[in-house]
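Next up: some structures, all given as structure tokens.
Look for chain A in each of the two complexes below; its partner is chain B in the first and chain C in the second.
For the complex of A and B:
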């Protein structure tokens, strides 16, 4: 099993969710986050007082999928979340040791 | 058409047949007509003044509360709104007990006597000295709304760091020691600066440039300096948490200001219309002034700049509104927009005081500018209320050829500054020594909403 974490532009969330649903991925956790990579923030001015805003709002999706489907999910994510501009976000993949369904103690990929 | 004609005929017949036991003499008829005319005028004037009273109250809550509340950080939104709102209650009590009497009782040039304490004798009969066509009770409640907003304006300077108890004690003392006497000096019968009712230094202040804006703005500066900066100012980010709230508040201030300035005509007269127009024109010009200055100075025309400019223009036109023509009103507004922009961006940064919401930069600076420009642009063509003993209309400002008025305005401005500075310093010292002025560091970090009031403004997850 693999955990796929994708940090994307907030306005792309609906499109990404839709695309994932279309390939049969229906479990995910969505977190509102703030951060920055190479994208620089912006400047705001209130009555002459300047504020540099470095941390921009993003949305982070987390989902754990069977290893065999990881590539397909990543491809879908990239296609749906891409605008081609700086600030589109990143995807990180990690190995997952175990998954447990709390309701009935099911284990492994069937618990996903 | 013919049926209408018939209707008129029959109506006339009814009037003609009305029984009259004793025919009225001409004198009696004239007296009845005179009374009916007065009652009609009083009804019109009173309607406008009651509406104006409500408009001025709306400037404090929700106008100022929203304007200031949006400009602070999220953790202080309720604390800031409460500082305006609680004055709607507290100042009302002070006003009824003794405030109205100190401001508008006859007495020394500095404060009124105690004839109206507990509102004794303030009823439906007009007080001819102040407003001869409306009940004195209407005049009393209208003036109350001014007494409410003035201390509320100061709260912009000590926002985000003053204890609620300290703020209550400060404003009770300030309203009593600074505002009531100042209102008497400028508007009370026999007041030192009252041009229309026997003041020794005749100043022109139509709706409160000195009484409201200079006293509150200058006191705000004293508070900001005395209390010191907020924790983390200016290196920590302290952005306004909701420009939307501030925008709504500022627009309500603009509308409410028609009650403030046009209402100061104390009747639904042509003078009220003139003040209404001057008020609106100045706000428009000041908006443009600030926005253009900011566009040039910082590259972008901000919404905060636009609404701040409008307020600056409204402040500056306040003393002049019932004395100036429309185009001088444009000029006053434009000057205020640019001056106040420079005050809050350049001057504040240069001196480094933390006037949190720019109460001094807008009300102190705009009020002072307006008071002085009133001496230049005031004209008897707009306001012929100033007459000599023979009933001859007197010239008002420099444009009427009365250069002395500019000097008088400067003296009046100086006196307002002096009273505000001395009064505020003494009161701050007293409050500091008794209940203490500032919240402690932890409370400031948590925010006033939780530490002072036990609530939060936005419980978005509940």
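For the complex of A and C:
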């Protein structure tokens, strides 16, 4: 099983959720986060005051999928989340040792 | 469990599901538990405690209110604790036997002495003894407790009451002090069973021999209703569960004894019951603290001096001097609310009853158009406005004055995020807005500053009051429905049209900033244009931002996350920057075929002009323009709400804006806001809002005419403003601590043809003239100006050119120095 974590632009959330739902991925965790990439944020100006905005609001999605589907999920994510501009975000994939459904102790991929 | 008891409990269960009668459940369960305890005592406890032990039921068990899965609370009274091996063994077997009966037992072992001591860290022990009931055991022990307990209670009454208050405040605070939770914990939330217990305990503490007050009897229906809900929850989940979840609500509606066709109807009944219990708890708490310290009494005596011809203040409560005042004079109800909002004193129980009795008369009175808006504005601006608004809601006055409000009273609107009913959410939005004033949280200080900058907070409060009224109609978009509803109300209360327009806009667009936060690419330039187009003016953007902040914060206690604060601020800055940019770039361009005088006059003004002036105002400016053709200048000075507004039309020339500002300053006037626009024909339309701190114009009427003549002559260049300013009154410097450090920012990208200059500085009389003169002496021409002040802060936006071009970097540097110097105090 693979855990896919994707940090995306907030306005892309609905589009990404819909795209994942269309390929049968319903379960995910969505977290509001703040962060920056290599560009280290930018300067905002308001009323003559300049201030550095280092951490921009983003949205992070986490989902665990069968390893056989990981590529398909990533491809769908990228297509839906991409605008082609700086700030589109990143995806990380890690290996998952076990998954357990709390309600009935189901384990492995069937627990997903 | 023996079969007889099993049968009795099952019969009680069936009876309950048929009739909702929880008393049968209590009786059956108490009998069963009493029997189990007696059996276990006889077999295990009595032999192990030869010196005597008494078993008392306490808490809910003592009251004989045992819900299907309540814990069983018992207290074992013995002088000699379980120190011996036999005693420990006996106690262990006793407890085991009861657990084996299927009961969840909570026990404590105490001596009589311990029971009549104050336990600050375990006040629950003292309180539980208020409900004690002898079950079995040695009477001698119990007799000693019966003798000493009343004396203890009498001696420690005030301490016990204070501790109960403390516990209650903590509990209420955990549930945000409101009964209006969509999925309430019917035991713990305000208005739940714990509040009924509070009433019960306070009554017992007041005087254990006194009969229960009459108003307590009036709670029996509310209590029975909540009892039946709790019984159901226990049966449904098979445990001590008190959460009236959405699922439970749906299931309850299916039961024959529930008189509601849907969950919304059920919850309305629940909130009515909870409100009655909550108010009783509040009343009981107030009456308990009546026997108070001399210091509190002195405070109350002082407050009683606030009494007036209509209202008496006694023991910190408002009483009506004339019992049927509200029926005779329905407007007195709002005067009462105003009194609450001014002084923070609440109506007494009798006054509340009289308000409720007068509601039909009040509703009939306010169903006709009345000039109510002035009253409401006053209430909204009072120091304790929220208390007044809450009293209106709790007494039903809100629904009497605004029948539209009844559609959302106790309305449950289920979604994942909202945790309050619609009416409660609405009230919390207003609370959140007003709470911004005192908020010390750095992350929201930016919004606090916005609140200080907006002129008409009452309009914003009105918009919040009505923004979700449309949710009562599930079939349509609630924003649009809310606008329709608000329109009826605004017409009835005779709100001026200009203010209605703002309120309509805010209600109609109250979701737009949230939508931009979540679903727009904020880095896309078209997003900024689209936002600016939707919002129209910087003023509206500020109102909308504050409304959105208040709305999101009221969804649930943790809704306004740092993420959302940041995102909302980003949207605000985006809109602000675009609307500021548009002052210069977005100009009125009429149809080339249109040669009407109006169109020719408007051509070249920023589009903002159309958004911030009504049709009537534009017509009056056209008239001014016509008048100005003969004399070269025409102006009007009017006074509104304590502030003067000068509108002036003339032909543009270098230094004109500075001259007008200087002329006003020479009369000691303080410029609060200003706008200066020029059209394509080179005609200027300048508007100055100014105050008269020295009351010169008010106390010397001829001075107004002299001001008018001076302004005309200054505009035509017939008077040198510098000479006028020589006789300008000196102003005192502000204290060091309050001085605002000036900041100046240049932006050459904001406009295609001019440089944007944004300036923040310490406001002072004459500042605008000095700034405008600095521009003028630096060979800069002011194309567009937008001036605002917030308390002591001047917030100025200028679009500047020099010889028709943007400023070079060198010019900017020199000008910046000059401006900072001018701003220095």
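Criterion: the second predicted complex is superposed on the first by the 108 of 112 C-alpha atoms of A that agree within 3 Å, B and C clash if a C-alpha of one lies under 4 Å from a C-alpha of the other, contacts with A are read in each partner's own complex, and residues count from 1 in each chain.
Assume contacts are C-beta pairs under 8 Å (C-beta built on N, C-alpha and C of every residue); 3 or more make two chains touch, one makes a residue touch a chain.
Note that the structure is a prediction, hence the values are computed from the model and not measured.
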Partner chain(s) touched by A:32 [first = chain B, second = chain C, both, neither]: second
First (chain B), second (chain C), both or neither touched by A:99: neither
Touching partner for A:85 - first (chain B), second (chain C), both, neither: second
Which superposed partner A:111 touches (first chain B, second chain C, both, neither): neither
A:45 touches, of chain B and chain C: first, second, both or neither? both
If touched residues of chain A are counted for chain B and for chain C, the larger one: C
Doubly contacted chain A residues - partners chain C and chain B: 44-49
Contacting residues of chain B [partner chain A, same complex]: 234, 237-240, 294, 297-298, 300, 302, 304-305, 308, 341, 344-346, 348-349, 358
Residue ranges of chain C in contact with chain A within the complex: 517-523, 561-564, 566-567, 570, 573, 576-577, 743-745, 747, 758-760, 795
Partner chain B, residues of chain A touching it in the complex: 44-49, 51
Partner chain C, residues of chain A touching it in the complex: 9-11, 13-14, 32-34, 44-50, 53, 55, 57, 83, 85, 87
